[in-house]
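Dropping a structure here in structure tokens format, bear with me for questions.
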Amino acid sequence: MKIKHIKLKKNMKVSELIDEFDSLNVLGAGRLSKARKIVSYMINDEKMAVFLSLGGPLVPGGLRTIIADMIKDKQIDVLITSGANITHDLLESFGGKHYNNLGFDDEKLNSEGIGRIGDIYTKNEDFVTFEERICLIFEDILDKKINTQNQRKTKLENEPNEMTKDEKLVNHVFSIKELLFEIGKRIKDENSILKSAADNNVPIFAPGLTDSMLGLQLWMFSQENRFILDVIEDMNELSDFVFKSEKVGAILLGGGLPKHYTLASNLLKGGLDTAIQITMDRSETGSLSGAPLEEAKSWSKAKCGSNLVTVIGDVTIIFPLLMASLE
Amino acid sequence: MKIKHIKLKKNMKVSELIDEFDSLNVLGAGRLSKARKIVSYMINDEKMAVFLSLGGPLVPGGLRTIIADMIKDKQIDVLITSGANITHDLLESFGGKHYNNLGFDDEKLNSEGIGRIGDIYTKNEDFVTFEERICLIFEDILDKKINTQNQRKTKLENEPNEMTKDEKLVNHVFSIKELLFEIGKRIKDENSILKSAADNNVPIFAPGLTDSMLGLQLWMFSQENRFILDVIEDMNELSDFVFKSEKVGAILLGGGLPKHYTLASNLLKGGLDTAIQITMDRSETGSLSGAPLEEAKSWSKAKCGSNLVTVIGDVTIIFPLLMASLE
Amino acid sequence: MKIKHIKLKKNMKVSELIDEFDSLNVLGAGRLSKARKIVSYMINDEKMAVFLSLGGPLVPGGLRTIIADMIKDKQIDVLITSGANITHDLLESFGGKHYNNLGFDDEKLNSEGIGRIGDIYTKNEDFVTFEERICLIFEDILDKKINTQNQRKTKLENEPNEMTKDEKLVNHVFSIKELLFEIGKRIKDENSILKSAADNNVPIFAPGLTDSMLGLQLWMFSQENRFILDVIEDMNELSDFVFKSEKVGAILLGGGLPKHYTLASNLLKGGLDTAIQITMDRSETGSLSGAPLEEAKSWSKAKCGSNLVTVIGDVTIIFPLLMASLE
Amino acid sequence: MKIKHIKLKKNMKVSELIDEFDSLNVLGAGRLSKARKIVSYMINDEKMAVFLSLGGPLVPGGLRTIIADMIKDKQIDVLITSGANITHDLLESFGGKHYNNLGFDDEKLNSEGIGRIGDIYTKNEDFVTFEERICLIFEDILDKKINTQNQRKTKLENEPNEMTKDEKLVNHVFSIKELLFEIGKRIKDENSILKSAADNNVPIFAPGLTDSMLGLQLWMFSQENRFILDVIEDMNELSDFVFKSEKVGAILLGGGLPKHYTLASNLLKGGLDTAIQITMDRSETGSLSGAPLEEAKSWSKAKCGSNLVTVIGDVTIIFPLLMASLE
């Protein structure tokens, strides 16, 4: 088919720009317009459960509101993310912020108590507040589950290899999804992804949660309180969700564990029905992060015949552009 | 400064989306909003000559109309490009097209007379027309310059090392800029970049012109007609242009020879005053294509203190997005 | 300092080639020679605990023997990896293989029961064997911990929200490190990374273990057997290890969760003393996978003043080249 | 076929390491071993003309001696390069050097008269010497061709549009290949690529030559001396070379104009018989630099059925590794 060159006009809408990309239909612009079609189809199909996976610093990187709005608007049904994005969502709910334009001298930043993520910055003081606030929430969550104060305080050093009140140990076992839901229920911030997810019953899975500042706080909390985070229970809950979904579509932002967990969780019933990914990773190293979605078909992580599109680009530009172009 | 998360709304304009990127001001989205500020400043400063350099298949890739419109709207003052973009601009002016969705089996495409550029395709039949039409233009250009038919036909094989009518040899010498201007004057197609440039007196420099289908046709034409393409003369014309410009700004799309030629041509008077580049190339190999613009300062190809921004991304997405966001 | 051009000679040794890179000391070749110095220093310093992190398909990609040999030679003290690399190590220990040259038609591969990882392939029949063998190992591991057969068989569906024999629940709780150590003890294959690690008391951490075929089998096993995988306990074990180490160095292959977990685990005592990373990921998106190691200094995940080098390249080429160059 | 994991041994030779990559035969390591086979075949086939194309700063980047040795050893028959690599080869022949470890503050470097290429540096004083020496060579080359001093000094400003002694104008016309050959004949430095090429009759083509410090000097020289650089004549010489070659193979280092010129020059007789490329560029943007070699088949720039391999990696590491592995 003949291509039609992109024609710009004054004050054009985002949707009109992507319409031009659609008429062109080659290279990155063409792939982006295909991705828009798939996402539009996904979120408008009542029978399709939509997974959103987040790899990379998308919450500190400015996508927090977009993601929270997608949950509130019932555009997604499951969120799969790194622990970092959850930590940074909570950091803001507790009054912390993310900053820009603080330079690239990492030793100087360290001495000033500033952490750097590319050209995004956080302040230690915000993490101190984060620590105080999240620990109170951990306590409340554990209390509610075990129903008694005095029991919770049993120090672990007094009981090296077993517990005095083992018969209640089950009340100390949480899945990551359960923990994140309980945290979300305790957040007041209307902009919170965790609160929005809890309010709208959108489960959040974060298989690598312990590898985050939230995980670190949880570990510190566990020094004083028996707390077991059972990642196998998460697989029960995720597989139940997949099996009860008639169709599944996925929006994969970045790669890493969230991307693979999303694909693998759908293996059990023959794979995703459709998916798009936006990433800067490439395929040469064989890494799953950069793997073309087609590869997932060989593993039955995506259905044969499913509609799959990859857009190579910076998520912080491409994803807002795509979402703003939906009508 | 605190970042403000991107907030999308229904039917938002491209400029409103980039305004959101501007409030965020981190990662790729932030760099894109900075690039918009620079380009807006460049094209609105009467005293600034704006260079546009084209690396990669931007004309076949759908940017032909955008580039022609920038020339017609007097947004750019000089175009520096690969020979390929000129060839593909002419291909369309002569009735040829670019195609999509023809697959990736290169041996099959070859047997069908189809050439592939990523997922863009051309047809041999269009190049046959291109050859016929461009040769007539070459003849007319040469005729006008030497003023006589019979003289032009002097076969070269009859004169191994020198000419019979050497005293008129100077009339056979062309600069690339001169040749492209003369071609542009002979194009009827209103969508043509070459015609728009000739009509608006925007010089086009293509230092690697011979490395293209246009160059190939010129070489074939030169088998029958003495035709000398003097690339040093182009340097005279480009340096004259740079020296008469009070300030120079550059929009660098992709890398390669056009990027370097743009930077190097400004070395003579202390470097560019401001510039942006959009590219997927990176800096690790030391290649100029992926070099950060800051590096140009060490060479005086960009002024110390000049405002320079690099956006890492696919030009076919990022550049239309940037241009559509200008108000 | 003046560079010395690389000089090749017939039959030169790998170490001699990297010596040439060292005299050159620019671009990728220079960074690789610096990385060699750091790795050589790391593994020869008795007081330094060396972490090796594996992101990407490095075991299926041919590095299995190199990694096992590093463990046997006491060159590394901790292994941090994705679940996939453990799965593929076990796949081979159970008689399975990895294959090449089977094409890129993913739907055809699917119909043939072949899974693709770039241009590496696995066969479903090997995963069937894997499933049978690993389940027997899970059973044996659980038996040994709870000491009684009949107890283990208690079906969970008979006990929705709590257990009949809760007082022994603690015996059903495993850390990932503990599980991998127990599996390693039960492997006969001398080429096994897990066996080598168990034999040499090198702990293996895989925070995202459940996101793998091994995790999937564990989840299926847990349908019949109470099995709790507590990722917080892993943090106790890893932090104990870090705190008892006088100095810590890290070799980071690829990015992802293993890279971040390695960096974050060292935050507690001021950060890594030295590190190298080999990756194809870049920094533009702000993703940790592509982050320069310097960034870790701002977070105290690497010490200020620590010696850090990044080599941009394909791990399957660069890492064997680096290790073969050590004398 | 089953993969064989890479096995390292003490003091192994480079060829032995690549033999291990060959047994593995997947991912980057596998592609590198395939590239070795092709290059070995190319340079040992008496009937095959071997093209070497150089994109990126390979001479300043440390490959100067390797390239000169390949010419001296008759391993390559044609060199196609950017003007920059020629400039930096001459810079060293005239006593200049390339430096490392001078930092990344480009404004400071500028004030110190230092130019930066990634982490490679040059000094202005070396370019001053370069200017003096190359101008004397230009004068001598032009003198020899026109045989008279007084004639050469005719100022151009006295003759706007034509010459007084037009009948000798032909003596002022040079092809780039001719100019580089004449320069090479006048270089004493045994390490010089240009001298080695001239001594061994290996033609050098540099279609973008004017875009370099050498081109800049030539332009300055042309202010005082009529000097015409005819790029069409280069096409005559290159096509003659291609047509008289029974078979053609290409080693493509980096992309850009040298890569495309190499491919395009072989279009005239049906395309390359075999080729390898080593590059960090990717295919998403459709740019020729990142295009897979297979694409060249659709254009008849590579023969259908030809053996083509791409290795994604840093040329300064991969190319010396490949060449050192040849036996």
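For reference, chains read A, B, C and D in written order, and residue numbers begin at 1 within each chain.
In this text, a contact is a pair of C-beta atoms (placed from the backbone, for glycine too) under 8 Å apart; a residue touches a chain by one contact, two chains touch by 3 or more.
Since the structure is predicted, the reported quantities are computational estimates derived from the model, not experimental observations.
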Max Cα-centre separation from chain C goes to chain B
Winner on C-beta contact pairs when B-D is weighed against C-D
B-D
Chain B-chain D separation of Cα centroids, rounded to whole Å
23
At what distance in angstrom does the C-alpha mean of chain D lie from that of chain A?
48
So what's the Cα centroid distance for chain C and chain D, whole Å?
42
Two or more other chains touching the same residue: where does that happen in chain D?
26-28, 60-61, 118-120, 280, 282, 284-286, 312, 314, 316
Can you list the residues on chain D that touch chain B in the complex?
55-57, 60-61, 82, 84, 106-107, 109-111, 114-120, 161-163, 166-170, 173, 207-212, 215-216, 218-219, 222, 227-236, 239, 254-257, 260-261, 264, 267, 280-291, 294-300, 304-305, 314-316
Chain C contacts chain B in the complex at 26-28, 282, 284-286, 312
Quick check: in the complex, which residue numbers of chain C touch chain D?
1-15, 17, 20-21, 24-30, 32, 60-66, 69, 97-101, 118-120, 191, 280, 312-314, 316-318, 320-321, 323-324, 327
